[in-house]
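What follows is chain A paired twice: with chain B in the first complex and chain C in the second.
The block that comes next holds the complex of A and B.
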């Protein structure tokens, strides 16, 4: 029974000129967004890879230098574009792309696309994810708002029910029929994305991991569209007039896609204010200078280190030491200040996560706010992935500087007068960022995934069960 | 005229009876109030942070004074001491935050090469930046049209669907009069709300009363007028309410989502700015190359730019601060063409986007409001320019110490140049937006007027 209702809906949708035109428009938009997104992502990736290659070569080809000079020369880390970034740009426009890695300090990640764009960017980017999250639901609303009200207005509902069909069967049939129509619009774009991925495989993360991400991506949207269709059909079943159903659904769309995300993000930021860069830098500097507890100043730590070295090697003066005190002091200072920085960075990240938590909870109220983090998390362009990159860059900076400090320490007394040969720099591995795998990403996405499934369960089970109790 | 006022009065009674619309109006007022509150508190927070900066700089100076109790080498002070270049908001900024959340509103500067410091980023939660700001500009640009749509989607079609229209037209009322009264009522409501919210916002943000106030109100009024015109145009089509709702929402999507999105793609492709990454790398290469080049070569190039220091003592030591800062300066010089191209590219990007505002009144309004509030990309570029000049002033302050080898005393900290910069207001940009909006209003007004020439069908 359900299948024949679904078939009837599917056929009548395909015969509806309005839907064919709108559906074709959305499909064209999706395909265009896929291709344009792919091109933009490839261009950005190419520019960053070229820049990374250039700085790596520059590092390798340094002349003979003192290691601390090299530590100040430093290197850069360029953030690669995430594997599925062309489908969901996520935070990519608002996160920096390049960070300068040098001794003594942690720099900000600079040159975010948002800083290089006019106000146009703030209208939103036309990515595949944007079309899937906001425009396809709108199309589905236009498709579904009359699911029951039209039957009611045409007087066909009692006829249908008198044939022994239950309201629930009818609703399921309609949901399946509309779902097939949605698949017809969305499917080709995802197939194109899969084909592009397969054709361009080998760039960045392994193709298998990307295929897994794409499969989860498609699955999440399938659940999301089910939620939208089931919700719209249920609203239509509860209303007498098509017009009221449409107005209600459009209102829900506006609140869900436009007002709530912005309002919760703003409220979260207002509730948990974070430190400015100047405050953070001052606090890090303060604690690195005077010790984490405020009673352990840097010069006293340095003096203690020197004394312990003299004792350990059983010598009276710095001159007789086989190691460079300056190098070891620098290493100890770097270790200490990095520890301080890590603490503050972790606190800042926690503050931002707390700010975002309100939006995450809103996912329980608003399916859009569940699919959005899920989608960008799977695409690899969310906050967790960004923090992962920042930490990888900082880890590389730290080990690079400490490696150079160790080289300096090994040079012994009077190291400042000498240089190490050019071959030394070629032995140091360059920065190579490995994006985290699907399992890692999923671990961060349990909340939104659960919220979406909860929606699907609530609508599919509880909502439809209520239909049978409804009086016609 | 009497019929008109009767019709107008009945529109008012009709509106009062429609609970949904009254609720929506209240909601818009509430949301507008929140937008004003949010935007102004956000700017208030930025102001507070800016006010804390001098204390941070003083604390830092005190630390250096403890580290160097006697007269110090100015090179050391220039190396360690941070000063701040600050970008103060206009009072208008609270109403249209624009790009002030993604651009840093102050910079920590040392005497080192500027290009390595000029592009530092403020701590920003990217998730929040993605969601954007809930300021008054957002309410006006995005939500006001939706309110107009809710008011206008059943203009005439409701009466027709309820079967009242034939009865109405049987009275001694001309159809044109009926439409005019309905539109006038909605226009009064929409403009009253938009201008009232704006006036409340302007008062709350305590903006100075000058020509900009009139410009803001004119921009907002025209934008409201544009959407009323769209409503009229669709009503003149004489289709069902559902059809009207779909078409109006389609227009909203087109003008607020699709056109800006496509423009964004176009502008980014037409005006690429690849220089950002390149200039940072270039300046590092030039600066660090300074260590490896002969000192005489570095100094000769430096003296070509600063001939006044040519006759100072030649450098014989292994290290001298004036040599160090000379190659820092030369690093900036070598990145200058790239930096200029970068800033120029960004300016062109903005100009291209703003020039295409006639394609979407939403783009025109948003660009104009940001220009008026001094929160757009050109305002940030102007701040960067001002910070560059400030850094030049720092150099000019330190160079006599370095080249004449004058010791830096505790009293000299207070003589360090300070910086302040307040966003410029680009009234020219806002006026250009006004013309673009006028064009839009004229287009929909003319089309609506033409469409209304057709007789109105009673059913």
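The block that comes next holds the complex of A and C.
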């Protein structure tokens, strides 16, 4: 019964020129966004990989130098483009692409596309996610608003119900039929994305991991479209006139896709204000002052460290020490400033997470705000992935600088006058970022996933059950 | 005697209006009952109560011995409904509409069988594969009949089925009703058409202001007597 109704809806839609034109337009947008997005992502990835290779080579080919000079020479860590970033750019336009790795300094990721692009980027990019989250629901609203009202207006509902069909069966049939039509529009774009991924493996993740992410991405949107379709069908079932149903649904679309996301983002920033970059840098600097300063021979704590070393090695002067006091002081200072930075970075991350959590909770009120973080997270372009990269870059920086400090410490007294050979730098492994896996991503997306499933459950189970009590 | 369609003290009230006042009626298999009455007399309300589309305020409607209000889905298996204006899906062909409605009733037919039902209902062969959007009212009505026949319903509920049909189509419709009643199908038809009621009905009832005021076997009356009886009741 449901299958018959679904088939009827699907055939009717396919034969409706209005939908064919609108559907073809949305499909063309999706295909264009997929191709353009993939091309842009591939170009960005190529540029970043080339830059990473260049800075790695520059680091490796440094001449014989003092290790601390090498630590200040530093290197760059370029953030690879997320495997599905071409489908959902998420925060990529606003988060940076590269971080400068140097001694004593924990730099943030800089050079975001938004910094380098014109003002047009502020209006948003045409990405697959934008079309899926915003335009496809609009298409579905135009498709579904008359699900029941048109049956009432055309007078076909009594004939249908007289055949022994329940309103709920009718609604399910329509949902399945509209769902098939939606798949006809969205499916080719996702198939193209899968083919593009298979043809040229994405950066930072293996093909299996990307396939898993793409499957979850498609599944999430399937649930989202179910929510939109079921919601629209239910609204239509509750109205007598198509015009009223359309106005209600368009109003819900505007509130859900335009008003609520901005309102909750502003509310989140107001409730949990974060420091500016200057404030954060100043706070880190101020607290780092309480640690060891390897560049200041008059530093009291450096002197204390020197005394303890003299005692430990049972010698009277620094000259007799087998290690470089400056190198060990640098290492201790780095450990301290790194702890300070980590504490501040964790606090800042918590603030942003609280802001994001408000938006995630809003997913319980608004399915758009559930699919958005889910989509970004699965694409690898959300805040959690950004933080993951930032932490990986900082971990590498710390390990690199401490390795150089250890080299300096091993040079013994008078290290400042000596150099280490060029081969030393070639032995240091370059920065290699491993993007987190699907399981890690899903762990960060439980809230929005649950919100979307609750929406689907509430509409599919409770909402459609109510139809049985509804009169013609 | 068991009746395929029955109303017992069936009553329907809307806020500020009594639409049906305690209807009592029985129909046996093969009987054609024509309900005459002006607009607003309660004819469509009666049909909607038998269809289970509205709930009675008091009393009960029965189809196949089952109370409609308590067995809304089950009783629909026994009946077929043809409204005044059969409205089908314009993007589907006559064949596709019939296949759809038959499958909803639990019948899946081969294309040849569907074509045979449409031919039996009098739909021209050239029209069956055309979209219903291009059909006349008479052609849609024929698809409606085919839907009812293909359902093998024991009861036909017809609400002004010949209204707006040309004489030829109306005659064909009457012939088909006679054929179905001859096969044992009970027909309950609300109509304004006294001539058609006399022609196909085994009994006629006259409804006025929600009450069934007269019931006569059609064999006992000629068309003029029936018309006179109707007019008398309408002017009381």
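The definition used in the following text is that the second predicted complex is superposed on the first by the 461 of 472 C-alpha atoms of A that agree within 3 Å, B and C clash if a C-alpha of one lies under 4 Å from a C-alpha of the other, contacts with A are read in each partner's own complex, and residues count from 1 in each chain.
The rule is short, and it goes like this: a residue touches a chain if its C-beta (ideal position, glycine included) is under 8 Å from a C-beta of that chain, and two chains touch if they have at least 3 such contacts.
For clarity, every value in this text was computed on a predicted model and none was experimentally measured.
**Student:** Taking the superposition on A as described, I'd like to know which of chain B and chain C A:413 touches: first, second, both or neither.
**Tutor:** After superposition on chain A, A:413 lies in contact with neither partner.
**Student:** Which of the two partners, first being chain B and second being chain C, lies in contact with A:361: first, second, both, or neither?
**Tutor:** neither
**Student:** Looking at the overlay, does A:398 come into contact with chain B only (first), chain C only (second), both, or neither?
**Tutor:** Touch status of A:398: no partner.
**Student:** Could you look at A:107 and tell me whether it touches chain B, chain C, both or neither (first, second, both, neither)?
**Tutor:** Only chain B; A:107 stays clear of chain C.
**Student:** With both structures placed on chain A, which of the two partners, chain B or chain C, ends up touching more residues of chain A?
**Tutor:** B
**Student:** Who does A:163 touch here: chain B (first), chain C (second), both, or neither?
**Tutor:** In the superposition, A:163 touches chain C alone.
**Student:** Considering only the touch criterion stated at the top, classify A:19 as touching first (chain B), second (chain C), both, or neither.
**Tutor:** In the superposition, A:19 contacts neither chain B nor chain C.
**Student:** After the superposition on A, what does A:73 contact: first (chain B), second (chain C), both or neither?
**Tutor:** first
**Student:** Both chain B and chain C touch chain A; at which residues?
**Tutor:** Comparing the two interfaces on chain A, one with chain B and one with chain C, no residues are shared.
**Student:** Spell out the part of chain B that touches chain A in their complex, as residue ranges.
**Tutor:** 20, 31, 34, 38, 41, 45, 49, 52-53, 56, 59-60, 63, 84, 98-99, 102-104, 106, 108, 116, 119-134, 138, 142-143, 146, 241-242, 245-246, 249, 253, 256-258, 260-265, 267-268, 273-274, 276-278, 280-281, 284-285, 288, 291-292, 346, 349-350, 353-354, 362-363, 366-367, 370, 376-377
**Student:** Sort out for me which residues of chain C touch chain A in the complex.
**Tutor:** 51, 53-54, 73, 76-77, 79-81, 83, 85-89, 91-92, 96, 100-101, 103-106, 131, 144, 147, 151, 157
**Student:** Could you please specify the touching residues of chain A with respect to chain C in the complex?
**Tutor:** Against chain C, the touching part of chain A is residues 1, 4-5, 7-8, 11-12, 15-16, 154-156, 158-166, 471-472.
**Student:** Considering only the defined contacts, which chain A positions touch chain B in the complex?
**Tutor:** Touch list, chain A to chain B: 29, 36, 40, 47-48, 51, 54-55, 58, 63, 65, 69, 72-74, 76, 78, 90-91, 93-98, 100, 107-112, 114-126, 130, 134-135, 138, 142, 242-243, 246-247, 250, 254, 258-259, 261-266, 268-270, 273-282, 289, 348, 352, 355-356, 359, 382-383, 386.
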